[in-house]
Amino acid sequence: MIYNIPYFAVAALILIGLYAVVFKRNLIKIVIGITLIESGVNLFLITLGFRENSVAPIHTAGTTEKTLMSLPVPQALTLTSIVIGVAVLALMLSLVIHIYRHYGTLDVRKIKEVDE
Amino acid sequence: MLEFLDPFLKTLQTDSGFWNPILWGFAFVIIFLIAYIIRGFGKQAYKEKTEQTKAFLSGNPEYEKEQMHIKGSNLYWGFMEIMKFAYDKFNKMHNGNTGDYVLWFVIILGIFFIVLGVL
Amino acid sequence: MSEMSKIVKTISNIAFPLVLIFGLYVIAHGHLTPGGGFQGGAVVASACAMILVAYGSVWTMKKIKEKHLSLFESVGAIGFIGLAFLGLLFGLVFFKNFLLGEGLIFSEIGQGLSNINTAGVLPLMNFAVGLKVIAGLFAIILVMAYATNKLKGGEN
Amino acid sequence: MDFLATLVNHSPALIIAVPLLGAFLTPLIGKINGKVRNVFVILVVACTSFLIALLAYNVFTNGALSADAVTNNIQTYVFGAKDIGTPAVRIAFEVDAMNAFMALIAAILPLAAVVYSWAFMKDETGQDKYYTLILLMTAGMLGMMLTGDMFNFFVFLEITSIATAALIAFRIDQKYSVQAAFKYIVISSIGALFVLFAVALFYGQYNALNMAVIGDSIKYTMLDKIALVLLIASLALKTGIAPMHMWLPEAYGRAPSSVTVVIIGTTLGSLYAMFRMIFTVYGKHIWDLGKTMALQLPQLLGILLVALAILTIILGVFMALKQSDLKKMIGFAAVAEIGYMLLAVGSAIATISLNESGVTVMTSAGQMALKGGIFHVLNDALDVGLLFLVAGAVYFAAKETSLNKLGGLARNMKYTTVFFLIGLFAVSGLPPLNGFASKLMIYESTYAINPILSIAAILCSILLLATFVKVFHSVFLGPKIPKFSNVKEVPKSMLIGMAIIAVIIIFIGLFPNLIVENIVKPASEALMNYGLYLGGI
């Protein structure tokens, strides 16, 4: 049971993130919503790689070969996803800066094209 | 000698028909010739660049050439007017709000879940 | 962003080399411990960000040009792709680990679990990625700080 | 092993690596000279296109150039393995006829785009970044189309999204392009994250990331159903299928035209991925009807996709008719065109059923629909691409895209007008150009499946023609407008860029059977014979 808690957290994070993206009007909050979804997915990946009573998959001088380790592949995947997330976040925030410069507001309802 | 042309000239066979642009081209040329001949039977009294070709606007004065151009949004005015009930809804959909765009995604996700997951 | 008080500057002066060395350590041990190019690079970039916060974006922009940073970034990226191409050249497969077991640098296999002289091209790739991440992240932070600074100036 | 065979063997990796290397070298070369950089970028893209052509030829002929890496028309490439083709837990590229077909599309579009950009971008600042991002985007798009690994697909999807969003906002001083880029990045990162979630669901169950391995071991559990829903919905979001298409016209319309041409390729890459997921990864359950209950997966899925497709066509066409901005209008037309592909493929899926002897088959109408749909992918990319290039040329010459202000440009821009007419005929499915051949296949096969579908499709195609006649009238015809009396024909490089696509359109239009027999049919068979793909790794 205790091992299922991360999955609830995953669901909560993704739903909160979607809620923020759909219903929040501030652009920064939308960006935060996307990062929340991203952390939810990352948490999901990490949780999948966990095995009961395992240690982190690091070979140091102290560990013997037989120690049970978590799966390293999901962690590598998560890392890649975090790297991508940083790039997306940086891009989104710089776009927000430019939007603010042009529109003078961060209200998503006012950020739109107007047909002439 | 011209065998290499064979794959180019083969006809595209569909289930109940076929489509060959080369044949179509021949047919087009023939029909064009026929139409041209028919055009030859037209009124001989018609002369270009005379009074006959001038626009007649029910006696109203003719506009300047530059003002005669019908702008893009004036075309198909009648169609838009008739379909107004649909366009009102469509315009409401395309409101430019990012959140609403994502909301549509969530709705589609829900429909797919219900149809594929539950059934 | 304007510069902060003398206390902050002094403390960040002291902390900066420590953070820098830790970041470089993480990059260098990327093939042995959790970490690697991105993580270490992020740590180093955070050290640079600390300097940025302490001294203000205008001062930092004077010292470090964004152009040079993007140059470093492309060098890192070319290093990464170039190593992959070298794998094609020497090992006949793209991304082939051609240094492994060849007797050159990083070529040992096994021989103790925390031997740093292992893993073939992976440490080199970590260095390349580290360079790219340091330059890239710092450039992003710098440009953003500078842009928001200008934005405020425009309003006043 | 001679050089050519080696080149062909390594082409899947090189196709990604060459544009990537080019992308990172571009800023350095840009320091020398603008012209040197442009030549370099064109060379890089041409090189990539050449490699794609080699790879595609090798795949379609089942190893005419190099038989080593090809079996059953599938060429595999495993990164970093001891020997190419060894199965290993590594990133693998698996190129079958469908992948090769998509890659051929991706070979044409960036080439036309970079040639076109030479003059189109001449006066813009930040060209180094522009070319870097274009090459990155090309690499990401090709990666999406060639990869055989789920997570790798996600990575390429995100690379493409980031590069695309940055390019949409290239004209950063125009507020509409910035907001379109923001919408694009929000939409596409949400789509990509849900793809990643589905990948994680697969990994949790089957401990694998390779598409072939997952497809081989898939059991269609509840989690797989969720993954299917997530994959289809998020890839449909990325493809711009109604009612999730609203970002697409804005992004297409506000990006510089040369960029839009490449974005079309990335959008079609997402569409391809959707087909790959349905036909290959879930192939066992699409084609294995014996066990499932009364309401079967292919029918349900097919009906859903067809419903979305009809909605897409109608919404796209109606909104296109209303637009007053040239590029946005073409954007909505592109949405409608995507609807045609989805209509064909959806109805093909819906026809999968058991025949008398208890074997699952796709009816011959369904097979024709599948072929038509895949053929239309190629045609749509070319037609809409050409139209966007023409729109860019109009913008370049007149600095205006509003249909209410333009007029009489045909007097000064003869070649552009001709190219526009070619695009108009092709996109609205008039004979003798390529759009007609694929739309004929779609109409005929959907008529056999359900007449209403094909009637709706034909009616919307007529409206599409009306839309472009409106553009032709209000942009090119009409009296000389004083504001545009000094407009000149666009420079040569832009004309060459448009001519590349126009020539291919006319070629396909004149010899449709050549393309259908040699390229489209193998691609559709590759989708139908999922077992071959699963056996590839």
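Every chain is named by a letter (A, B, C and D) in the order it is written, and numbering of its residues begins at 1.
Operating definition for what follows: a contact is a pair of C-beta atoms (placed from the backbone, for glycine too) under 8 Å apart; a residue touches a chain by one contact, two chains touch by 3 or more.
These numbers were taken from a predicted model, which means no experiment stands behind them.
S.K.: Please give the intersection of the contact partners of chain A with those of chain B.
M.R.: Both-contact set = D.
S.K.: Measuring between mean CA coordinates, which chain is farthest from chain C?
M.R.: Max centre-to-centre separation from chain C belongs to B.
S.K.: Name the chain pair with more contacting C-beta pairs, choosing from B-D and C-D.
M.R.: Pair with more contacting C-beta pairs, B-D versus C-D: B-D.
S.K.: Roughly how far is chain A from chain C, centre to centre by C-alpha average, rounded to an integer in Å?
M.R.: Chain A and chain C have C-alpha centres separated by 22 Å.
S.K.: Nearest whole angstrom, what separates the Cα centre of chain C from the Cα centre of chain D?
M.R.: Result: the chain centres lie 36 Å from each other.
S.K.: Using the average of all C-alpha atoms in each chain as its centre, how far is it in Å between chain A and chain D?
M.R.: 28
S.K.: Give me the residues of chain D that touch two or more other chains.
M.R.: 182, 186, 190, 250, 324, 402, 404
S.K.: Of all the residues in chain B, which ones touch at least 2 other chains?
M.R.: Only 96, 98, 102 qualify.
S.K.: So what shape is it, when you link every pair of chains that touch: line, ring, star, complete or other?
M.R.: Shape of the chain contacts: other, as it matches none of the listed patterns.
S.K.: Going by the touch rule stated at the top, which chains touch which?
M.R.: Contact pairs between chains: A-B, A-C, A-D, B-D, C-D.
S.K.: For the complex, which residues does chain D have touching chain A?
M.R.: Residue positions touching the partner: 151, 154-155, 158-159, 161-162, 165-166, 169, 172, 175-176, 178-182, 185-186, 189-190, 193, 196-197, 200, 203-204, 209, 250, 324-325, 402, 404.
S.K.: In the complex, go through chain B and note every residue touching chain D.
M.R.: Within the complex, chain B contacts chain D at residues 7-17, 19-22, 24-25, 28, 65-66, 68-73, 75-76, 79-80, 83, 86-87, 90, 93-94, 96, 98, 101-102, 104-105, 107-109, 111-113, 115-117, 119.
S.K.: Given the complex with chain C, which residues does chain D contribute to the contact?
M.R.: For this pair, the touching residues of chain D are 10, 13-14, 17, 20-21, 23-25, 27-28, 77-84.
S.K.: Within the complex, which stretch of chain D touches chain B?
M.R.: Of all residues in chain D, those touching chain B are 182-183, 186-187, 190-191, 222, 225-226, 228-230, 232-234, 236-237, 243-244, 246-247, 250, 295, 297, 300-301, 304, 308, 315, 318-319, 321-322, 324, 364-365, 368, 402-408, 431-432, 436-437, 440-441, 444-445, 448, 466, 470-471, 473-475, 478-482, 509-514, 516-518.
S.K.: Which residues of chain A touch chain C in their complex?
M.R.: Of all residues in chain A, those touching chain C are 56, 58-61, 63, 75, 79, 82-83, 86, 90, 93-94, 97, 100-101.
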